[in-house]
Amino acid sequence: MRSSSVRRALVVSIASVLTLVACGTSSSTNAGTIHFLGVWSGAEQASWFAVLKPFEDSTGIKVSYEASRDQDAILTSTVAAGNPPDVAGAPSPQLLSQFAKQGKLIPLNNAVDMTALQANTAPSWIKLGEPLNDGKLYQIFAWGAVKGLIWYDPKNFQAKGYNVPKSYDDLTALQSQIKGSGTTPWCVTVESGSATGWPASDWLKEIVLSQSGPDVYDKWVAGTQKWSSPEIKQAFTTFGSILGPSGGNVYGGPQYAVATNFGDVGTPMFTNPPKCYMLNQASFITSFFTSANPALTPGTDFNFFPLPDINPQFAGAHVVAGDSFAMFKDTPQARKLMQYLTTADAQTIWVKRGGKLAVNKQVSLDSYPDALSKESAQIIVTTTIGKYDATDQMPADMKAAAWADLVKFIQNQGQLNSLLAHLDSVQATAYHS
Amino acid sequence: MSVAAAGHLESTAAVGSLPWIAQRIQRILLHAAVVLLTLMWVIPTVGLLVSSFRPSAQIITTGWWTALTIPFQFTLQNYQDMLAQSNMGTAIFNSFMVSIPSTVIPVTIAAFAAYAFAWMKFPARDWIFLAFVGLLAVPLQLTFVPVLSFFVAHGIVPDNLSSIGLPPWVGLWLAHAGYGLPFSTYLLANFFRQLPSDLFESAEIDGAGTLTVFFRIVLPLSVPAIASLIIFQFLWVWNDLLVALIYVGGAQEVAPLTVSLANLTNSLGQGYQLLTAAAFFSMVVPLVVFLSLQRYFVRGILAGSVKG
Amino acid sequence: MDFSVLLQDIPTLLVVIIGVPVVLVGYIVGAEFLVRRLPDKNRPQVRPWIWVGPALVMVALFLFIPAIATFIQSFQDNHSNFVGFQNYATQLAGFPSSPTWIAIRNSIIIWLILYMILVLTFGLIMAVLFDRVQYETLVKSLIFMPMAISSVASGVIWKFMYWYQPAGSPQTGTMNAIVTFFHHDPVAWLQDQWPNGLAILNNLALITVATWGLTGFSMVILSAALKGIPGELLEAARVDGAGEITIFRRVIFPLMMPTIVVVGTTLVIFAIKVFDVPYVMTNGNFNTDVLALRMYNLLYLSHNNAAAAAVAIVLLIAVVPVLIFNLRQFRAVEARR
């Protein structure tokens, strides 16, 4: 009896394996598949799929897309284990540059039309894609955002007779005027889960660029400008004067600023009466305004002016950021996709759907869905001193330390010197790992 | 059973007598404590439940309890938006395909091992057992690269598995099983070890083989432990996101429900109000598993078999 | 939503549901069948390895070998050169305020003690109390519910609990609504490093989240153990006139002790390797870093495998005392039978 039950068990298990075989073999053949690891989910994912659709339709190539906010962990593990995606798209170039240095990325010089790329893209974007400075392009950029935009409610300004500041002195004067009227001038919120502090770093790098210029900025990015140097320290104190003594210029004070999500930054500005009058955030923040309060309309309920130049010598300096793409496996399909992403056709699709600004100059300004996004797109195209987000180019250690220490700075500006010393010590090691 | 015990408690004293009053007070205190504890635990969940029916603009500006006053402003929008994801059906199917084998494999293998640890003698038994418990502390992130390298070297990756006709999740099943084994073995060995030894002695006298003892005595008597183990292993796998992303990736054809739900918000975290609805949606299956295994948590399974 | 896929693929699901257990049971039945063919005296030597074999292989492959690799890595730099205790020295420098020491303090003192005590105590109280009411299944399900919520969603839930608005504004968070109701200023629960920057308060706020999430675990296992205590034993005690508290102390508690040790051990290990809650809610800011999160950030942010390995080994060493306690415990059980 026992042996017969054994036999039966074996027969059943073999049969089940065979059935599995029969069930599994049903994938149809096509022009190939691209495994793509990105970060866009939710509404962004829909826009990303809209971009891919004409590509998939015309080539027959299928893009198997996966998104994750744990991109660092997944890419690091799968690359190390020898199983990377074909193509990855990242919200900042640092992680992908790291893989370029490890020799894990495929140079794109033969994959994309370099002549067209050079003609249609600002040189700084291309240089950013060459992290080894060996003339080999490892990353391309398709969409970006402009940072350092000061958002305000025009109705509030009108009611109080405030004018949009033309210079940095105007801004500080306006700040004192609002403070004098008994309201906090600024809304600043920096909570962002595992990236808490980054909105404060936006303030800092905009101030560094506008105050001390592109050379200092570049050295700071490269790790050769100390955090305790007069220039960076001055930027911190300038940021401190925006925050006010003990954070008194900011709605809710330091506690609220560090405890509240960056996406909720606008909520107090749109209450009646407003609890703050201005906030500094990149061009994407408008979608947070309208999703929290669908009644708001761009232009009439909110508008922006660029952070005024602090040092006229560096007038028109702007910090930008963008989505970068890199190729881990050299397949014909992946090459086609990389080339496609550089084209104006591809970039226009997302631009029209809102939330992103194109890097390709051929994308018409008329493609932008509203006046505000057109205006910020113009900044990206016309800026004389355009610099990529500094912390996003620094080693991840440096970036994380900067975010964390900026949070501490907001909480207690008095500890600035010890924070800068700490950042110096991180800088000393972070660039050599 | 609990009901019987409670009934027994109340029947020992005459109605109206002092002991009867004392028992009444005890009962009231007991119910008060149970209700209070439960309330403490459900308040956060109730807050989420209420929020999941609120428009996103209100979630940000007012506390959830304000929604409980007139005028009621509830909406199904969050649930609609969440379910509008085109691939929900596939995602649920994938979640079952991942969770069921990833529960069955470690629980079964752990039961085999636990039986040996509890009732067989072999060299270095206690040290191996200790190593099992200790390995529970290994942070999973450390294992990703070596394990994935092993899978890649042996073709246990989704593309390759599909092309030879196996489900793409085989690697993930094995990984979840490996990660779940230390706890499963530890818990079951502890339960098996507490079974009375005369059971085994009498079985041996009756001439029962190892298999019979295992399937006819050990397993039936450990049903509550096995049921709780199944609940937890299933739950951990069902709610896992990172391990799945590492071993099968997040492509729609293979990714479980957690991947779809994590992708409800955009990369900046916008749209988190959808997560309120998603939390309740993804909670349904684990709760059903929990409730359906509840009936194995009854007193008396060991009745008449314990020496005390 | 497209549920047709679900129906279409049900056969595959069924094959897997049936096929996997069949293979597993087939293994043990087949192997036992072979063992029986061995000479009598060899059987007891071979049989245990048949039963522990699959578990041994899988644990070795998925956990043990990576752990050994980590151990080796912790004595090397990132280019595989032997550096002795260099990584440990770097990580353990700067006592007591360096990032690793803060993580050690939070994981091995604050989390280990508070988390274990809270989850174990609540779980035990619930298991015992709920056993005595008719609506046991209902209340148990309600306590269990948080376990079924993913860490991302529980981050959202506790955002509603800990939400902070400045004093004077209407509060949107449950905790601050309660606190301000009693005329206290609102508290930034996750950021406030009370007292004096020691950060007990915000660590406790994180531990509360984790306790809320895991108490269902200890309750279910302890409840299963409680149900294993024969009813006659309890009734006999009651007939003898023992009070409920005496019954708990003299009968229930001793009989549940082995299970309490198992749950306690598991909780200690969970506490030492806690990751999700601090990762989702503070990412270790405001002095709330823990060992597993520190390791994660060294691994994936800093790409510093050597440092991450050293931190991981510190984490594993912290578990050793618990293992020794367990060894003594189960040798005692062994000796009793």
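All chains are identified by letter, namely A, B and C, in their written order; residue positions are counted from 1 within each chain.
Just so we're on the same page, a residue touches a chain if its C-beta (ideal position, glycine included) is under 8 Å from a C-beta of that chain, and two chains touch if they have at least 3 such contacts.
Remember, predicted model here, so these are calculated numbers, not experimental data.
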By count of C-beta pairs in contact, the leading pair of chains: B-C
Centroid comparison with chain C (C-alpha atoms), farthest chain: A
Whole-Å separation of chain centres (CA-atom averages), chain A against chain C: 35
Euclidean distance of C-alpha centroids - chain B vs chain C, Å: 12
Multi-chain contact residues (two or more partners), chain B: 60-61, 141, 146, 167, 241, 262
Residues within chain A bordering two or more other chains: 20, 23, 73, 193
In chain C, residues with contacts to at least two other chains: 12, 16, 25, 29, 296, 299-300
Parts of chain B lying in touch with chain A, wherever the complex brings them together: 56-57, 60-61, 141, 144-146, 148-149, 151-152, 157, 161-167, 241-242, 245-246, 249-253, 255, 259, 262-271, 274
Complex interface listing, chain A residues touching chain B: 20-25, 27, 35, 37, 39-45, 64-70, 73-74, 77-78, 80-83, 85, 91, 192-193, 261, 263-264, 267, 284, 287-288, 291-294
Touching residues on chain A, where the partner in the complex is chain C: 2-3, 5-6, 9-10, 12-13, 16-17, 19-20, 23, 72-73, 76, 98, 193-197, 251-253, 255-256, 258-260, 275, 395-397, 399-400, 404, 407, 411, 430, 433
Residue numbers on chain C that touch chain A, as the complex places them: 11-12, 15-16, 18-19, 22-23, 25-26, 29-30, 33, 78, 155, 164-166, 169, 188, 190-192, 279-283, 285-286, 296-297, 299-304
In the complex with chain B, residue positions of chain C that touch it: 1-6, 9, 12-13, 16-17, 20-21, 24-25, 28-29, 32, 36, 44-45, 47-49, 51-52, 54-56, 58-59, 61-67, 69-70, 122, 125-126, 129-134, 136-137, 139-154, 156-158, 160-161, 163, 170-174, 177, 212, 215, 217, 220-221, 223-225, 227-235, 238, 244, 258-259, 261-262, 265-266, 269, 272-273, 275, 292, 295-296, 299-300, 308-309, 312, 315-316, 318-320, 323, 326-327, 330-331, 333-334, 337
